[in-house]
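Next, two complexes with chain A in common: one pairs it with chain B, the other with chain C.
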Partner chain A sequence: MAVAQFVVNGLLVGALFASIAVGFALIWGVVEIINLAHGEMVMLGGYVSYWTVRSVAGEGAVSPVVALASVPVALVVLFVVGYGLQRFVVSRVTGTDLFLTLLVTFGLSIVIQQLALQAWSADPRTVAVQFTPQSFDVGGVFVPKTKLLAFVGAIVLTVLLWAFLRYTRRGRAIRSVAQNPDAAALLGIDVEHTRALTFGLSSAIAGGTGAFIGMILFVQPQMGLIYTLKSFVIVVFGGIGSVPGALLGGLLLGSVEELTAGLVSSQWTLAVSFGLLIVLLVVRPKGLFGRGVEGEP
Partner chain B sequence: MTRYAAGVLEFADAHGWKIIAVLAVVGALPPLFGLEGGFYMTVATLTLMFGVLALSWDLIGGQTGYPSFGQMGFFGLGAYTTAILVKDQAVAFPVAFLVAGVLATLAAGVVGLIVLRLRGGYFAIATLGILLVAQQVSRNLEVTGGSSGKILLDVPPATTFYYVLLGLLVAEVAVVYYLTGTRFGYVLNAIRDDEGKATSMGVNTTYYKTAAWMLAALFTGLAGGSWSLFNTFVDPNTAYNLSWNVEMIAMALLGGTGTVAGPVLGAFGLHLTIVFIQSVSLDVTLPLLGPTTINFAGWQLVLLGLVVIVTVVSYPQGFVGELRERASAMEYYRHAGGAAGQETSHDETASPDGGERT
Partner chain C sequence: MQTIVLGGSMSLSGDNADLGALYRDSYQLTVDAVNEMGGVEAGDGNTYELELIIRDDETDAANSKSIYQELIDQEGVDFLLGPYSSTVTLPASAVAAQKQRPMVEGGGASPKIFSQGNEWIFGLLPTADKYALSMVDMAAAQSPTPESAGLLVQDDTFSTSAAEGTRDRLDEHGIELVVDETFPSETSDLSTNLGKVRDAEADILIMCAHQKHAVIMAKQMETQQVNVDMAGATVGTLSDKFKEDAGANGDYLYGPTSWDAGASFEDPIFGDTQGFSQAINDAYDYNPDYHNAAGAGVIETYVNAFQNVDELDPTKVRDAVRDGQFSSQYGEITFLDNGAMDISMLVKQWQPDTGKVLVWPEAVQQEQPIYPMPAWSER
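Take a look at the complex of A and B:
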C-alpha cells in the first residue's frame, strides 16, 4: 500500500514538473536557447502569488478561491517579465554561440535569485490553503486536496498552452518560427516579437506553476536551479517539442523521486534523478519521443 | 589605448617565458617582507587560487570549447580528500595534496567517458548535474562529516598555502602557455572551432579532449586540496561552492577565453573587486533617509551576474580578446587597408616561436 501512496504523491507533484518543463522545452525549441533562468520564473511566480494572497487576505490559511485567484496574477506578471527579458536581454545573443546564451541566462538566474534574496530574505514561504477535511481517502491512499488542486491546475495550464500552440494563429506563428525563422520572416511574421511572446508564454506557465508550488511546497529565492535541472531531465526524456512526452516525463520523474524518498531516503532523490539523466543522455540522447535539436547528439 | 594595445601584445608574445618568470619571482616576495597572515594574506592566497580555477576552466571551456558548469566538483573532491586524509588518517599534507590531484584526475577520466560524448548545452547541464550530485553525496556520507562538514585545526601555516597556490598558478600558466604553441594546443582549438572537421581530418578528438579535461581537473583538484586546509573548514556548501562555480567562468570570460593571460587577469581583477565590494561600506547622506550606511556585503553575486551578462552581450571576447582586436585594427590601419601581417613594413611582429599566444 505504501508504494501506491508514493506513486500517487509522485504523480500529483509530477504534473507540476511537467508544466514547468513544457515551458522550458518551448523556449528551447522556438528560441533555441536553454534557459537556465527558467527555474527563477517558477520562483518569481510563487512569490507573486504569495504576496498577492498576503495583501488580499493577510497571513494564515486562505480559501481555495483566493489561492486560485492569485494564479492569473502570477501568469500575467511573469508573461510581462519573460517578454521583457527576451526582448531586451536575451535577444542580443539569440542565434550566436550556444555557450553565450547559456551564460546570459545563467547570469540572469543569479541576478534574479540574489535580488529576490535581498528583497524577501531566505525564509521559505507557503500559501496555506484551507480545506476541510484535508484529504480524500481512496481505498487507503490519501489524496491531499491541495495537491489535487495543484495537479489539476498544472494539467489545465499545460493543455491550454498546447491548445494555444495548435489551434490559434499566434500559436502557428510560434511553431513556424521554430521550424524556420527566415521563412517565417519572409511570410511577414515578426520573428523578434514572436520569440519574445514565446519567452513570455513559457515564463507565464512557469510562474503559474510556481504559484501552485507555493501552495503545496514552499517558495524560496534559491529554489529555481532544481526546477531548471528537473525540466532539463524531463525534456531530455520526452524530447524537445513534445508536450505528451514532457507530461509523461514529468509524471515519471515525480514518481521516481517520491519512490526514492519513500523507499530509500529523501536525501538521495537528486542523485537518483540525475543518475537517470546521465543514463538517458548516453543511451537515448534524442529523447524517447520527438526529435533532438539538430547538430546536438 | 588602442595605440598601446599592439605594443603590449607584441611585447607579451615576444617575451612570454621571461614575463612568467619575473611574475613568479615577484609573487614570491610578499611573505618575505612581513606578510605572514591575516586579511591581506587570505585575499592574496585566494586571488592566486582563483587564477588557477579560472585558467583550469578556460583550458576545457575556452581552449577546447566544452563549457563545463561543474568544475567545482573536482575542487570539492580535492578539498575533501586532503581534509579526510590529514585529519582522520594523519597523512602528511604533501602526500594528501598529491593524492587529491590524482583522485580528481581519475574522477575526471571516469566522468569524461560519459559527459565528453555530449556537446554544448547537454554537456553544460550534465556537468552541472554531476556537481550537484557530488554535493548531495558529500552531504549524505559519514566519511565526509555529512552536512556539518569537517573542522581542521592542525594545519600548516598560511604562508605554506600561499606558496603552494603560487606554485600551482605558475606551473599551470607555464603548462598552458607551452601547450598553446604545440600540436596539442592547436588540436584543442580545432575541436572548439569544429569538432566534426577535426575528426574527419583523422584527429582522435576523444583522446585530446579527455586529456585536456583531465589536466583541468588535476589543477582544480590540487587547488581544492590546498584550499580545505587553508580554510581550516570544509562542508558541502563551501567545497562544492556554487557561486565560485560561476565566478571562475565569469573570470575567464571577463579576461578573455582561449587565452593564457586573460583568465588570470580576469581572476585577479574580479576577485579583488568582489573583496572590495564585500568589505566596503559607505557613509552617505541621502536626500530622504538622512545619514545612512550603505553596506554592499551580500550584493557581490548580483554584481557577478551583471558582469556575466554585460560581458557576454557587449564584450564576448573579454579583455585580452578585445585588446587583440584593437591591435589588429591598428595594424589594418597602418597597412592602409591591407590585411594585418601581409606586409612587414615595420619591425618583425611575430614572436620567435610563432603566433599569438598571449
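Take a look at the complex of A and C:
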C-alpha cells in the first residue's frame, strides 16, 4: 500500500512537471533555445495567481472556484510576458551561438528573480484552497483534493496545447517553423511572430502551472531553477518534439522521485533523477518518443 | 561624540528572510535606544554613539563570509554581529577567528560553531542539540505515554545537530524511533515523508527544520491525515507569521523557545522583558519572539563589554564579553568557556481559544498542553 501511495504522490506532482516541460520542449524545438528562464515563468504565474486571489478574496482560504479563476489570468499575463521577451530580447540571439543563448536566458532568469525578490520579498506564499475534508481515502491511499485539482488542471493545459499544435492553422505554422524555418518563411509564415507566439504559449502554460503550484506548494522568487532542471530531464526522457513524451516523462519523473523518497530517502531524489538522465542519454539518446536531443529525425 | 561601529550580515532575503528581519529589527531598536539614552559610557572614560551596519547575505553562507571580510578589511569594523542560521554562522565565525574580531550572535545554534576551539565567537541561543529536548520531555510526561516517534530532519547544519540531540533524548525515554528521514532544504513537498509517519502510526512527530518547512508540515499533515498525539518543529512554529501562513492547521502544534515575553528579567536599556516586548510592538507592530530577544541581547552584550574595558581593543572586548555576567530582557547573560550559553528550552503550544501559551515546564506553564492533539476528523 505504501508503494501505491508513493506512486500516487508522484503522479500528482508529475503532471505539473510535465506541463512545465512541454513548454520548455516547445521553445527548444521551435525557437531552438534552451530557455533557462522557463522556471521563472512558473514563478511569475504563481505570483499572478496569488495576487489575483488576494485582491479579489483577501487573505485566508478561498473556494476552488476562486482559485481556478486565477489560472486564466496567469495564462494571459504570462503569454504577454513570454511574447514580449522573445520579440524584444531573445530574438536578438536566436540562431546564434548556443552558449550566447544560454547566457542570455540565464541572465534573464537572474534579473526576473531579483526583480521578484525586490517586489515581493523572499516570503513563501501560497493560495490556500478550502476543501472539507482536504483529502479522500481510496483503499488506504490518500489523495489531497487540491493536488488532484492541480493534476487535472495540468493535464488539461497539456492536452490543450497538444490539440492547438495539432489541429489549428497557427499550431501547424509553429510545427512548420520547428521543422524548417526557411521553408516556413517561403510559404509566407511570419517566422519571428510565430517564434514569439511559441514563447508566449510556452510561458503561458508554465504560468498556468505555476498558479496550480501556488495552490499545492509555495511560490517564492527562487523557486524557478528546480523546475527548469526538471524540465530538462523530462525533455530528454520524452524527446524534444513530443508532447505525449513530455507528459509521460513528467509522470515518470514524479513517480521515480516519490518512489525514491519513499523507499530510499528524499535526499536521493535529484541524484536518482539525473542518474536516470545519464543512463537514458547513453542507452536511448532520442528519448522515449521524440526526435532526440541532437535533433535527428 | 565618537562612534563604535557594529557590523554584520543578515538573511534579509532568501529562505530565512522572515526570521532575519526579526534580528535586524531588534539590532536597530536596541542601537537606537542606546543612542537615545546618550550612548555608551565605555570603561575608557569616553561616551560613544553606536552605529549599525547590516548587509543582506541572501541566506547564503558564501555571501555572508564575503560581507564579514569586507566589513573588517575595508570598513574597519572591529565588533561583529552574527548572521542568522547555523549554516551561515559557522563560516562567518571562522572569519571572525581568522581576523581576530569578536562576534556575538543570536542566530546560530549548531554545536559545531562552538566545538572548533574558536575563542572569538559567542552565541546566545541554546545549542541546536537541545532544541527539541523539552518537547520530548513534555510528551514523555503526558498520558498516554508515547511509545514511538517520527523524526523529519532538514539537511542543514542546525537541523542535523538538533536531530542528534533529539534521537538521544527519545532513546533515554524509551521512545522508539519508527521514522527517521532527512529531506533536502530545497524541497517544498513533504507528503511522502509525512505519509511514512502516518503509516508507521508514530505517537509523536518532531521536525528539525526551519519555518518554511514547519508551515509545509502543518498544511500537509492534514492532507496526509497524519494524526499524532504531539507534533512540533524546532524553529518557526511560534512566530506570528507561521500562524498566519498555517492558519487553523497551526493549532495544537508545539515549538521550543529560549525566552518568554511574560518573564520579568531586569534590563538596563528597556527596563525589563515586558518593556522590551512593548518597544518591539510599538516600533514594528508585532509580538516579539526569542529571535528578537536574542538579537537585542547581542547588542546588550557588546554594550556591557564596552562598559567594562579600559580600551576598545578587539581582544579586550572579547575578554570582557567572555567574563561578562548581567541581567537583560533575554535573561541572565553569561557564556560557557566554548562561547555558548547554557539554557534549557521552554515549550509553547498554539491553542485554539487562548493562542500561543507556555505549556512546559510545569513549574511555569500558563496552560496545560492539549495532549493528545485532536484528530483531523474531529477538528
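Please note the rule applied: the second predicted complex is superposed on the first by the 292 of 297 C-alpha atoms of A that agree within 3 Å, B and C clash if a C-alpha of one lies under 4 Å from a C-alpha of the other, contacts with A are read in each partner's own complex, and residues count from 1 in each chain.
What we mean here is this: a residue touches a chain if its C-beta (ideal position, glycine included) is under 8 Å from a C-beta of that chain, and two chains touch if they have at least 3 such contacts.
Owing to the predicted nature of the structure, the values given are computational and were not obtained by experimental measurement.
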Task: Would you sort A:232 into first (chain B), second (chain C), both or neither based on which partner it touches?
output: first
Query: After superposition on the shared chain, which partner residues are touched by A:107: those of chain B (first), chain C (second), both, or neither?
result: first
Query: First (chain B), second (chain C), both or neither: which does A:267 touch?
result: both
- prompt: Which of the two partners, first being chain B and second being chain C, lies in contact with A:91: first, second, both, or neither?
  reply: neither
Message: With both complexes overlaid on chain A, does A:258 touch chain B (first), chain C (second), both or neither?
response: second
Query: Residues on chain A in contact with chain B in one complex and with chain C in the other?
result: 117, 265, 267, 270
Message: Using the touch definition from the top, list the residues of chain C that touch chain A in their complex.
response: 13-15, 17-18, 59, 155, 181-184, 186-189, 191-193, 195-196, 198-199, 212, 215-216, 219-220, 222-225, 241, 244-245, 247, 376-377
Task: Show which residues of chain A lie in contact with chain B when the two form their complex.
output: 34, 89, 92-93, 96-100, 102-104, 106-111, 113-115, 117-118, 225, 229, 232, 236, 265, 267-268, 270-271, 274-275, 277-278, 281-282, 285, 296-297
Message: Which residues of chain A touch chain C once you look at their complex with the stated criterion?
response: 1-2, 5-6, 9, 13, 59-61, 117, 121-124, 126, 128, 133-135, 137, 142, 144, 146-147, 216-218, 220, 222-223, 226, 258, 261-262, 265-267, 269-270
- prompt: For chain B, which residues count as touching chain A in their complex?
  reply: 61, 65, 67, 69, 114-115, 117-122, 124-126, 128-130, 132-133, 136-137, 139-140, 242-243, 246, 249, 253, 298-299, 301-302, 304-309, 312-313, 316
